[in-house]
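Structures follow.
In what comes next, chain A is part of two complexes: it sits with chain B in the first one and with chain C in the second one.
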Partner chain A sequence: MSLFTAEDGEFHPPSIYEFYPEIVLFEGTPFAINRIMMIRLIVLGVLLVLFWLWTRKFQQSVKTGQLVPGRFQLLGEMALNFVRKSIAHDQLGEKDGDRFLPLLTTIFFMVLGMNITGIIPFANIAGTSVIGIPLVLALAAYVTFIYAGVRRHGVKFFKNSLFPSGVPVYFYTLVTPIEFLSTFILRPVTLALRLLMNMIAGHLLLVLCFSATHFFFFQAEGIFQLFGAGTLLFGFAFTLFEILVAVLQAYVFTLLTTVYIQLALADEH
Partner chain B sequence: MDAVNIAELSGNIAVVGYGLAAIGPGIGVGLVVSKTIESIARQPELAGRLQVTMWLGIAFTEALALIGLATPFIFG
Partner chain C sequence: MLERIFTATAPEGGETPNPLLPADYDIIWSAVIFVILLTFFWFKVLPGFKNMLDERAKAIEGRLAEAEEAQRAAEHRTAAVMAEQEQLRAEASSIREEARSEGAQILAELKEQASKDAERLAESTKSSLVAERDAAARSLQAEIGALAIELASRIVGEKLKDDKVANKVVDDFISELEGKKTK
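And now, the complex of A and B:
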């Protein structure tokens, strides 16, 4: 990565070109793969193996009657139960919660897995820090909540969400455009942007801290080298903060999807 | 010899714009969290539900700051 701290004695702050690394495989074809894409594929593989192991162990334990889970199994069951109990069942109730659980589980673990690579050494960039994955997940959430609403209320879903009851008729000229904008345009856009921008800002902060440390330690002179200790400390602090952000963004993305589905399912009062 | 303008600024005005865009959401997130803390102090048994609502409120408020972060890439 020649982008940060080239050896010419000047400090180069990170820029948006951080997110366009060189293509390493299949250059010139539509399937060109760069570092970020490779990280995404690796995360996908890891997630598949994790879930295969968890579900296989679960099936085994049901067959043999050994219901006490091991440490690895307990971790998986706790994570899956977190999505099921405290997100899906809390917001949607048991019946609808279980109906939409596959999507919610996929979103939660995919976002978490792709986010956490941002602080894993040698990967160091989140798979969600380029628009592709946030966009796909936001589109999936968008299609799902419209599907849920149309399935439950038919065409009345659009009427309910565009013309909320209890509003004087002449206010609809004002309310309907706002409702349309916020429900059908801003919801998916903010879902994708929230995740993407959090990951971009987090990565840029980390690169800034550590490239500044590199600069202060190896290229600055005299008293300025002491600043390197400060930026290194900040770098570690932000790394811890990024772990929090990774988990939090996965939680928020899943929670918002659930709430949108719940709002689409809700009966009009 | 050229006159040296010691107050010269260089850089992108978008940075100032983002600073302005971050004020509102900053205050907003502060309000959301402070009200949640107040409510939890009044009714500790509702802490779980209040925290879920707090995260939702933060997510909606924070979106404004993140849209501000995205605008330079779109209009810049």
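And now, the complex of A and C:
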């Protein structure tokens, strides 16, 4: 990418084409695969293997009656319990929390796994930095919280959401469009865009820092080469920052989904 | 704004892709990955996880119950031991009491026996003394007879002429004997 292509003596800023690498397989079909799709599939494989190993550990510990988990098993328990307890049970209570746990767990680990490739060497781009995954997950969250509301309250769910109680009737002309916009349009849109833009911006920042470093070190002359040290330092700092963002965005996406479900389940709005 | 940045930074020529519009393959692969992961977590990972947690909770509860059971048994045992000790103590004290009363009884019996023995001894001593005195009296009487005969024969032999004198002598002698005897 631009880290390695700036060889003609000009500085190449990162561009939107970062996110549209050339297609390497099945070109022209709906199953076309480019570099980012490949990264996603690799992440899928890693997640499957990792959690399969953890599940096997769990099953073994049940079979052997071994109560004390090993280090590896404990790590898996902590990861799964983070979503289960700190997110699902805290927001929804144990019963509803367990009901929606599969979706929440999937969202959290999928977002986290896809985000973290943004700073993993040789991947260097987040699987979530193209809109597909944010959109699909936001859609899943959207469908789920509407399902939760309709399942609990029937048609009254829409009435509760659009016509909140305690508001004078004539205000509904104002409140209802706002509620409709915020609940049924902005929620999924913000979910998807927040994640997507965070990942795009993070990637662009890192590319900017490192391609500038490359430019300063190899193309600039004299004193300007020293700027490279500064940009390298910035690149390093932003790499650390991107780790934080990757975890934080996974957490935020999952937490917001949970909160939307919780609001849909709540009796009063 | 982001779009403007993209447009500004895009190389010249060619259409600028809109990052908000998904390509078909993008959506399809995202959906495929999501469905695979959801199924995997839903039907494989989470049930295994939950099962493990349940088993662990059960096992921990079981162990707690076991410990409680053990504690109860220990308490029971302690109570039994204490009751036994109490019983033994009571038994010991009753034995002591019995022994004491028995001892007192034995002592009383012995005392009685001893006093009886002493009485009997005194009795027998007294009777033997009486018997000896009788025997001595008897032997003395026999000797007195002989002495009397001897005296009589002497008086008869020498001073038989004076009856009055003879009679007085005899009387004196006898009264003398009588006085000796009663003394």
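To be clear about the criterion, the second predicted complex is superposed on the first by the 264 of 269 C-alpha atoms of A that agree within 3 Å, B and C clash if a C-alpha of one lies under 4 Å from a C-alpha of the other, contacts with A are read in each partner's own complex, and residues count from 1 in each chain.
Here is the rule we go by: a contact is a pair of C-beta atoms (placed from the backbone, for glycine too) under 8 Å apart; a residue touches a chain by one contact, two chains touch by 3 or more.
Not measured: the values here are computed from a predicted model.
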item: Touching partner for A:16 - first (chain B), second (chain C), both, neither; value: both
item: Which superposed partner A:190 touches (first chain B, second chain C, both, neither); value: first
item: Contacts of A:198 with chain B and chain C, given as first, second, both or neither; value: first
item: Chain B versus chain C as contact partner of A:33, first or second or both or neither; value: second
item: Partner chain in contact with A:90 - chain B first, chain C second, else both or neither; value: first
item: Partner contacting more residues of chain A (chain B vs chain C); value: C
item: Which superposed partner A:256 touches (first chain B, second chain C, both, neither); value: first
item: Partner chain(s) touched by A:65 [first = chain B, second = chain C, both, neither]; value: second
item: First (chain B), second (chain C), both or neither touched by A:119; value: neither
item: Chain B/chain C common contact set on chain A; value: 16, 193, 196-197, 200
item: Touching residues (chain side chain A, partner chain C) in the complex; value: 13-17, 19-20, 23, 26, 29-34, 37, 40-41, 43-44, 47-48, 51-52, 54-55, 58-59, 61-62, 65, 67, 77, 80, 84, 98, 101-103, 105-106, 109-110, 130-133, 135-137, 140, 193, 196-197, 200
item: Complex contacts: residues of chain C adjacent to chain A; value: 2, 6, 9-11, 16-17, 19-31, 33-34, 36-38, 40-42, 44-46, 48-52, 55-56, 59-60
item: Residues of chain B touching chain A in the complex; value: 52, 55-56, 58-60, 62-63, 66-67, 69-70, 73
item: Residue ranges of chain A touching chain B (in the complex, touch as defined); value: 16, 90, 190, 193-194, 196-198, 200-201, 248, 251-252, 255-256, 259
